[in-house]
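In structure tokens below, several structures.
Paired with chain B in one complex and with chain C in the other, chain A is shared by the two complexes that follow.
Entry: the complex of A and B
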């Protein structure tokens, strides 16, 4: 609701610049042309009459609360990142001492770049694979299979579990000796595939010569991604399923009458209409990926090591273990900017289309 | 989520600006004291307490009245929980006039409590005392001048200075003066083993005289079909502990102290070589080392799958809880190879913060923590040994009695790295980063430079 009002407010601000109102009829338009002493009075009364003011009791409290607790905290964090706050002495918050030292430190810190790389690998592969998996499941469930509801529930169930729970049992699943994954692989005769999923690696050999391909490929981060995938593709499935259900049956029939194969029908007719579902699921998944902190923390403690360290675990370590509050804040700001780059295009796109 | 108790951060800060730090503290102390009065009882003494507070002010010797004592700790369950309750009972018996509030913060091996304490210290609203690793771990507090000198008020009592050995006393003085009282000691230079397994493999643990010789012993054990060393590499701290003992055992306490003091480059060969020995150990870890906890690893000793286990002596608590798995007949202990005569310390202590809400009560509590009675109550339950050397041994089991003898006869008590005694928190975090990288690739050279930059 409040977003709706904000949009109106924005419209009003944008229109307020032009003296002549083409839509006419409002008091505001009248007073702007009038002038003189009555100007102030009518402006006040028009202000009192305006939607924004009259609806203030509804949007103002949440606006202030959000402003203070969310945006206030973010701004405060940015301020701290400009100080050199460390240890147990409060900084002076003197603007003349503010500098970008902590950012410089981050950009010259090898660990920071490793964490950034891992963050992006996690972000991109987790989101991409979750969407693909979710779409596949959604299409299967949507084909009118038996026990449809049952399957839907099964796929969605992991999503309802806490990260803490899933992290603990994935650690058991990945156990080399007794874990379910290796037990399964050995059971079907694939002993040679059974691996130390959390510590192991394979040499990429000749592939290592290709740019961006590392010489040694560590499983750790991908073990994490796989576990998250299991947990979140159900969510992507539900979003896609809703999108599929919104497509009228006529279109399936029309495609079939036109002689399109199933593959072609989905590729040309159905998938293009799932754009909105894809975007909204992707944004949610990406934000979850950035917040994978709790999963990693339960799995490995505050230090997952360079093969799975992400910005949020590094931020936590620097702030709460090392007492480097300012440095931790600077990493948090970087993380915030990354999150913003993920969400902003989506919000802007929705806004442009008038859906916000 | 751990922050909830102090989520009124900003308002408190604003309030502090208005009221001034000292005033707020008195006010808060008065509040807690007053709350206690109304809920508990209305004896004459508690009725007086407010007036005493107002009139006596700084005049401490006239105060037979105490403000309520708030002690924070992370011993919320298991051995630690039972031990700290025994400690508090003993204190209340001796000081029925002091109202004691414990305010435990569970989880994260103390990480959650440390976060709470830091926030309270920054807000100038410390508890009376809290559970803290002594030594360099307290450096941020002493740097910011947040701890009080308690030499005269605590350490000069109860014959403490004569009964604490040098190592624990050093740890109580991170900045050269006494600010904290160690309560217990867990030894770190242990090598536990399953008696049957080593006998079957034909290895005599007592004859292994150096960390590098342990590699050969593990190779022999491995050939006999057992896991050489039950180690976990799911998180890095066990490896941090292990490397420190290897350095200590192979190169001695002086090199160890020099390295932790920051002279890594001067001891480059020692550091590299000890890292390399740990790398050799890693060949004899269980296959699932990467996905188990230290308890899971220890179970491999109990079940007879593995021969050796390095861990702090809290690991013996698991053996104690296991029926039919007895000291000396089923499991046994030697000092980590090469560290005989040394007692590597991991301790918990209670410091005295400045701006204390209950200065006199805190001093009474800290004096009690440093007493024979407190340490005799706490340590047998916790499975640790008392830092005082004059505590009677009767209450302790045979294993801890042996540890106490080792401690009394030890020539040096090196401070732990992994548990914050020897290095400050920022260095410890960097060290853990180094170890986390090390266990993922066992790159000795990279680990060396990471350790070097962590300690400098």
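Entry: the complex of A and C
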């Protein structure tokens, strides 16, 4: 039977007569493909009606598995956040006792607001800096250089490493006595800048290290962001590079004929067209920022302290160190809502543009 | 016309001319290479030094003859080898399963037409973006309730992985009840990998010729035959991309392993957990820590160096 199919297939390809059906194709367009044979056409349309049924064996099992773990677990988490599940006892799910106590507790918890603030500082500065860095890299790499592949491979390399490995490397980089950052600063005569980066304290020489409290400059958090920038700017570069390559050559040509300077060309012609790349890279980077837990956990354990605590570390600490399960669930729901406010508009936009 | 000429023309630069701007460009690029490689380079140099040596010499300088040692790598390999084996046992099945499921789902959601399809697609894609913190507590509850070991007992005794060796008789490859938690971890990673693998395959299947599938269908080929005879063979390049991307994701995960493997350590620990424990000690033997980081990262580094272009494709497609 299969050889028969292939033969028909080849015939069809040789004909080249059948119109290409687009995504928005309807049953009418489909019956054209069928070659106008009315019997076939009606058979086809009835088949088409059962497409939902015929496709189900393929998408339904993965959907159930994924749906159970993603949406089932999120719903379960929301239910737990309404209980007062804590300690070593088992949770009881009695709807009559459900309340919003854990959310009230979160909103009146100073630690929660500090973690929320840090989460947004991390989210916005990490995403912004990675996009800027990635765009810079992409423009440099796109300038028709030699060994382009080689450069690109090196810049993307840190992205293939795990947060754990990155954290181990950067703990060493930031080491006060023998880390590379301070060695570099001392090497160029900037001894006074050398700091205990990961404790958020600055070395004053004679007086020793003084901790920066209050940490108005997010010293510790920016040490983390800088390391994450090292890991993720290559990712933004790859996305921007794809965007740059999609811009037709004649636009570069036109800008050059107009005598536009390189800077002006990028600002006026190229950047406006990278909007889609920016949006998709930003969404993914924000999601990574929300997942930066692994990195902070390796560097600081489950309590990074008030200057680097984010919602995901706080959630883990409350749930898995303090056994405050319901409270941890409530914080997780807040985190989920933050992620949703980033992702929902993006997905809706994709849907509107028909790219879903 | 080569790609390079094409590019050169498009950005309006003559590649052969020596021009200060080009020199500055290459200087910047090389400086950036130094920035991106310096943690790895100084890490590698440190891993090759004795403790006395790395305390006194700058981190990026290669070790002297007296200060050179392979001992840190020896310690790291000894400590991490069983965890690396566990990670392989985890990452290979989880990667293959989620790629297969992703391919099925993408086929069912791309090459058919029915109402409500986009809604299901949206649910799949939204699954990529959820912060895992939102499912951690339910996951830990779930795997506390489900006893994988007893469930599997009738078909497979996972506490004893054994093999028949001709001369020696039955050889136990591994014995520990914690291997049940690796199976739990495989199922978990498979489930959370499905959204991204579905997205990657869907992007690819959208470009498949509709006529071709239509023709096969008109000839009476069922959905399964079309998948097996046409779609699956054509998906091989995408399988490569997806497997490579997903392998690094599963290998690099720490969070799920922390939650699902009881007590976080023990014989079932995966590479990320073992590395965290190796490096989390109070005694700062940085040379061993760096060696450990390289050993734990070796599989993903190898995959990246060997299949960098496919990895980049997965990355760009995953947006």
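As a convention for this text, the second predicted complex is superposed on the first by the 289 of 356 C-alpha atoms of A that agree within 3 Å, B and C clash if a C-alpha of one lies under 4 Å from a C-alpha of the other, contacts with A are read in each partner's own complex, and residues count from 1 in each chain.
In the analysis below, a residue touches a chain if its C-beta (ideal position, glycine included) is under 8 Å from a C-beta of that chain, and two chains touch if they have at least 3 such contacts.
Keep in mind that this is a model prediction, so the values were computed, not measured.
In the superposed arrangement, which partner chain does A:146 touch: chain B (first), chain C (second), both, or neither?
Once the two structures are laid over each other on A, A:146 reaches chain C alone.
Using the superposition described at the top, determine whether chain B or chain C touches more residues of chain A.
Between chain B and chain C, the winner on chain A residue contacts is C.
Looking at A:275 after the superposition, I want to know if it touches chain B, chain C, both of them or none. Which is it: first, second, both, neither?
In the superposed model, A:275 contacts neither chain B nor chain C.
According to the stated criteria, A:179 is in contact with first (chain B), second (chain C), both, or neither; which is it?
Once the two structures are laid over each other on A, A:179 reaches both partners.
Thinking of the overlay built on chain A, is A:318 touched by chain B (first), by chain C (second), by both, or by neither?
Only chain B; A:318 stays clear of chain C.
Is A:218 in contact with chain B, with chain C, with both, or with neither (first, second, both, neither)?
first
So, does A:264 touch the first partner chain B, the second partner chain C, both, or neither?
Neither partner.
Is A:168 touching the first partner chain B, the second partner chain C, both, or neither of them?
After superposition on chain A, A:168 lies in contact with chain C alone.
Could you look at A:104 and tell me whether it touches chain B, chain C, both or neither (first, second, both, neither)?
neither
Enumerate the residues of chain A that count as touching chain B in its complex and touching chain C in the other.
171-172, 175, 177-179, 301, 320
Can you check the complex and tell me which residues of chain A touch chain B?
For chain A paired with chain B, touching residues are 86-90, 111, 171-172, 174-179, 196-201, 216, 218, 220, 299-307, 309, 317-318, 320-324.
Give every residue of chain A touching chain C within the complex, in rising order.
Residues 1-2, 4-5, 8-9, 12-13, 18, 20-21, 23, 25, 30, 33-34, 40, 44, 47-48, 51-52, 54-63, 65-74, 76-77, 80, 91, 137, 140-146, 149, 151-165, 168-173, 175, 177-180, 183, 187, 230, 234-235, 238-239, 242, 249, 252-253, 256, 280-281, 283-284, 287, 290-291, 293-294, 297-298, 301, 311-312, 315-316, 319-320, 325, 328-329, 331-333, 335-336, 338-339, 342-343, 347, 351, 356 of chain A touch chain C in their complex.
Note which residues of chain C are touching chain A in the complex, please.
Answer in residue numbers: 4, 6-13, 15, 25-26, 28-29, 32-33, 35-40, 42-43, 46, 54-55, 58-60, 101-102, 104-105, 107-109, 111-118, 120-142, 188, 190-192, 194-195, 198, 206, 210-212, 214-225, 227, 229, 248, 251-255, 258-259, 272, 275-276, 279-280, 284, 286, 289-290, 292-293, 296-297, 300-301, 303-305, 308-309, 311-312, 315-316, 318-319.
In their complex, what parts of chain B are in touch with chain A?
Per the stated touch rule, the residues are 111, 114-115, 118, 121-122, 140-141, 143-144, 146, 233-237, 286-292, 425-426, 428-430, 432-433, 436-437, 439-441.
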